[in-house]
Amino acid sequence: MTAMLNVRDLRAYYGQVQALHGLEFDLNEGSLTTLLGANGAGKTTTLRAICNMVRSTGSIEFEGKPLSGRSTENIVRLGIAHVPQGRGTFTTMTVEENLQLGAITRKDSAGIVSDIERMYDHFPVLKQRHTQQAGTLSGGEQQMLAVARALMLRPRLMLLDEPSFGLAPLIVRDLFRILGKINREDNVSILVVEQNAQLALELADKAYVIETGRIVMSGSADEIANNEDVRKSYLGY
Amino acid sequence: MELFTNQVLAGIATGAIYACMALAVVMIYQAIDHLNFAQGEMAMFSTFVAWQLMQWGVPYWGAFVITLAFSFVGGIAIERLLFKPLAKAPILTNVAGFIALYAIINSFAGLIWDFTIKQFPTPFGSSPFLGSQLISTHQAGMIGVTMILLLLLFFFFRFTRIGLAMRAAASLPESARLVGINTSWMIALGWGMAAAIGSIAGMMIAPVVFLEPNMMLGVLIYGFAAAVLGGLTSPFGAVIGGFLVGIFENLAGTYIPGIGNELKLPIALALIIVVLVVKPAGLFGRPIVKRV
Amino acid sequence: MSAVQEVVTEAPAVEAVPKKAMTLGYGTSLAVLALLIVVPLFVKNFIIFQMTMLLIYALAVMALNILTGSSGQFSLGQSAFYAVGAYTSAILMETYNINYALTLPISGIICFGFGYLFGKPALRLSGVYLALATFALATAMPQLLKLGVFEPWTGGVQGLVVTKPDAPFGLPMSQDMWLYYFTLAVSIAIYVASVNLLRSRSGRAFMAIRDNEIAASAMGVDVALYKTLAFGVSAGITGVAGALGAIAVQFVAPDSYTITLAISLFLGMVVGGVGWLPGSIVGSAFIIFVPNIAEGISKGLSGAVFGILLFLVIFLVPHGARQVSVVAQQLIGKLRKS
């Protein structure tokens, strides 16, 4: 399997404070990987560092291409979609405008139109509300919109930051089911950061555990889920 | 009663000036989230360029188009050279930059074209409009141009991809980058468009207030006030705001005793502030909910 | 139009000055003080006059620093308070024969009241809206001063002439020199009081409001009280500066207090470093001397040269003189270690 993402010796800084201390991991093409850890461990920082939204040193390669020195928007254009914490929905624009924005860098208008239809198939509730202002949607609906918007890019890698945050468990299961479907059918590699380790491990095939800016554990999702020590020490259950 | 109606109509006529300027103000606000004090000077400079072209024999509409293009490019150039380096600096430092730009442009205009008043032609003629004593054909033309600009802007923001991208970049820059939008260039584009709109405003206004380097200061203030009154996020509001400011100004001058010409500006501003205290986001603006 | 509200999580519009950096170190302060005391003994009267104006504008810039830099409220209207202070002093001295020194606290108190009253309706405004409101105040002031109805007191368009006081107790110094030392004493007193204010509970309340008004209110800070208080204090200090200015310049006239003054004070604040009280004197020096320098370089393009010099300053030090001070302190720290 080819490596989609290679991260080596990643150190990230917020001003004078160092948040990542030499992080290293790999993502294979087609995998659904989860990055777990406690609050403040550095999970969000990792995703932000991949998209150059935070100052960092070290090497990040996407499909063999180094990402350092590229601006966020250029990294996105390489095929990486990032659903940030808080979803980043354009609340003052309609649902459909949000989806159009997801595809703003694409030039194939026919493809965009058909992709929007596909998103409505994945997420029927979005079709119902497609002329509504995105800010009037519920939390779960906005999360779906955020995922749909990311998919409009036709990314090869999707980064999700705590998609379950603030959502009811049933909705989270629904969302994760769709993510799994997208991963298998559309061959979109996924890296999902989660605090809700249990659900994430059910969804993913590979897992990394991060603590204070370093990877402390890695393995298949089953291994990690079945490892009681890991669960108790790092994942809290 | 007739005096009142006349003053209202006259106010609408003069208000077209402010409406036009207010559109440029809203344009830049959409792009950079603040007001650019030098915008009036940029409009003035563009108008002088048009005048100069006509002095050299270029016909009116030719000069108009060339000036439009020049202003668009100029606006982008100023942003890239002078304000991109300040992108990470505090807002107040940027404001100081606007003030510096004001001083530079005003000074150069004075040097190149001096401070004597010049006539600027209007393509609409200056006869009474439909026989009315209150509105001239030029003022009617100005209202028409403002309406067309408004429609074009509305169409641009609502129905074009780049308009959508600009709205996104202004609304949530970080999210915009995450869909691949180059927010930095969106800002430059906003400046270019604002400069172009400003140049149109200048060319519409100059026939009325006469062309000289200090012609735009009062207009700019009223333009700010109009944009703020209308709600800074709404081009439609800016135009309505412009007309309202024109009406306020005229009514204040007519009905409040002891107010000569000089106090019209602060009174108009005071009235606007009263409105803002009641409706802080302006008449048509979106109420802003601040989260901790 | 849409019913959706725009939810904004804003970074504070005015950035905080770190607590350590709020004043100059003792050594630097003493050095500056020494210079301010000694230099006038060796220079001509006109230079002394300029130094007096330097201190006066530094006071006004400092007042703006307290309002904007500490409590986060924008004001482009300080020239209005300056004018009120100036005119109050002039009228008290010339019409009612009140001693010049007494006019200072009176001007200060009147302007404090005026600022406090203005601060009340301004509570609902912030950012660009507040800037517009204060701008309106500043543009109105010269016109109000020219109004016929006030002419018996204000002298209308001509203004009033103010008599410069002699040095007291028959001290052997020129009027200019006496006025300079008097101004210096007043300035030091106000500077020390201001620093203490910012370090006090009220100062912390100001800064809490600047950084996050909603959070401050949730923590029990009486936002309305402190915001109006900040306006009042700022206006009061500006009024005292205006009074001193009237005495130094020896006249008051409406067109001396236009929006240009308000904008200059704003620029002085930015160049000195927003919220950094010691920077006020650097800002003041900028707005007094740089326009003259610009005119010296090119009479016809003096505005353009000024603008270019201003751009140079803000490109090099976007955070103003405070940035220079920080860099200097870092260098000194490094030198000490090696």
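Order of writing sets the chain letters: A, B and C. Residues in each chain are counted from 1.
Throughout what follows, a residue touches a chain if its C-beta (ideal position, glycine included) is under 8 Å from a C-beta of that chain, and two chains touch if they have at least 3 such contacts.
Small disclaimer: the values here were computed from a predicted structure and weren't measured.
A.B. asks: If I average the Cα coordinates per chain and compare with the overall Cα mean, which chain comes out closest?
C.D. replies: Chain nearest the overall C-alpha centroid, as shown: B.
A.B. asks: Using each chain's Cα centroid, which is most distant from the centroid of chain C?
C.D. replies: A
A.B. asks: Rounded to a whole Å, what is the gap between the Cα centroids of chain A and chain B?
C.D. replies: About 43 Å, centre to centre.
A.B. asks: Chain B to chain C: how many Å between their CA centres?
C.D. replies: Centre-to-centre distance between chain B and chain C: 31 Å.
A.B. asks: Roughly how far is chain A from chain C, centre to centre by C-alpha average, rounded to an integer in Å?
C.D. replies: Roughly 51 Å separates the two chain centres.
A.B. asks: Note the residues in chain A that touch 2 or more other chains, in rising order.
C.D. replies: In chain A, residues 92 touch at least two other chains, as defined above.
A.B. asks: In chain B, which residues are in touch with two or more of the other chains?
C.D. replies: Only 171, 286 qualify.
A.B. asks: Name the residues of chain C that each touch 2 or more other chains.
C.D. replies: Where chain C meets two or more other chains at a single residue, that happens at 2, 4-7.
A.B. asks: What residues of chain B sit close enough to touch chain A in their complex?
C.D. replies: 161, 164-165, 167-168, 171-172, 174-183, 286
A.B. asks: Going by the contact rule set out above, which residues of chain B touch chain C in the complex?
C.D. replies: 34-35, 82, 85-86, 88-93, 95-97, 99-104, 106-108, 110-111, 171, 221, 224-225, 228, 232-234, 258, 262-263, 265-267, 269-270, 272-273, 276-277, 280, 284, 286-292
A.B. asks: For chain A, which residues count as touching chain B in their complex?
C.D. replies: 51, 53, 71-73, 76-77, 81-82, 84, 88-90, 92-93, 97, 100-102, 104-105, 149, 153
A.B. asks: If you look only at chain C, which of its residues touch chain B in the complex?
C.D. replies: 1-2, 4-10, 13-15, 68, 121, 124-125, 128-129, 132-133, 135-137, 139-140, 143-144, 146-149, 212-215, 218, 263, 266-267, 269-271, 274, 300-308, 310-311, 314-315, 318-320
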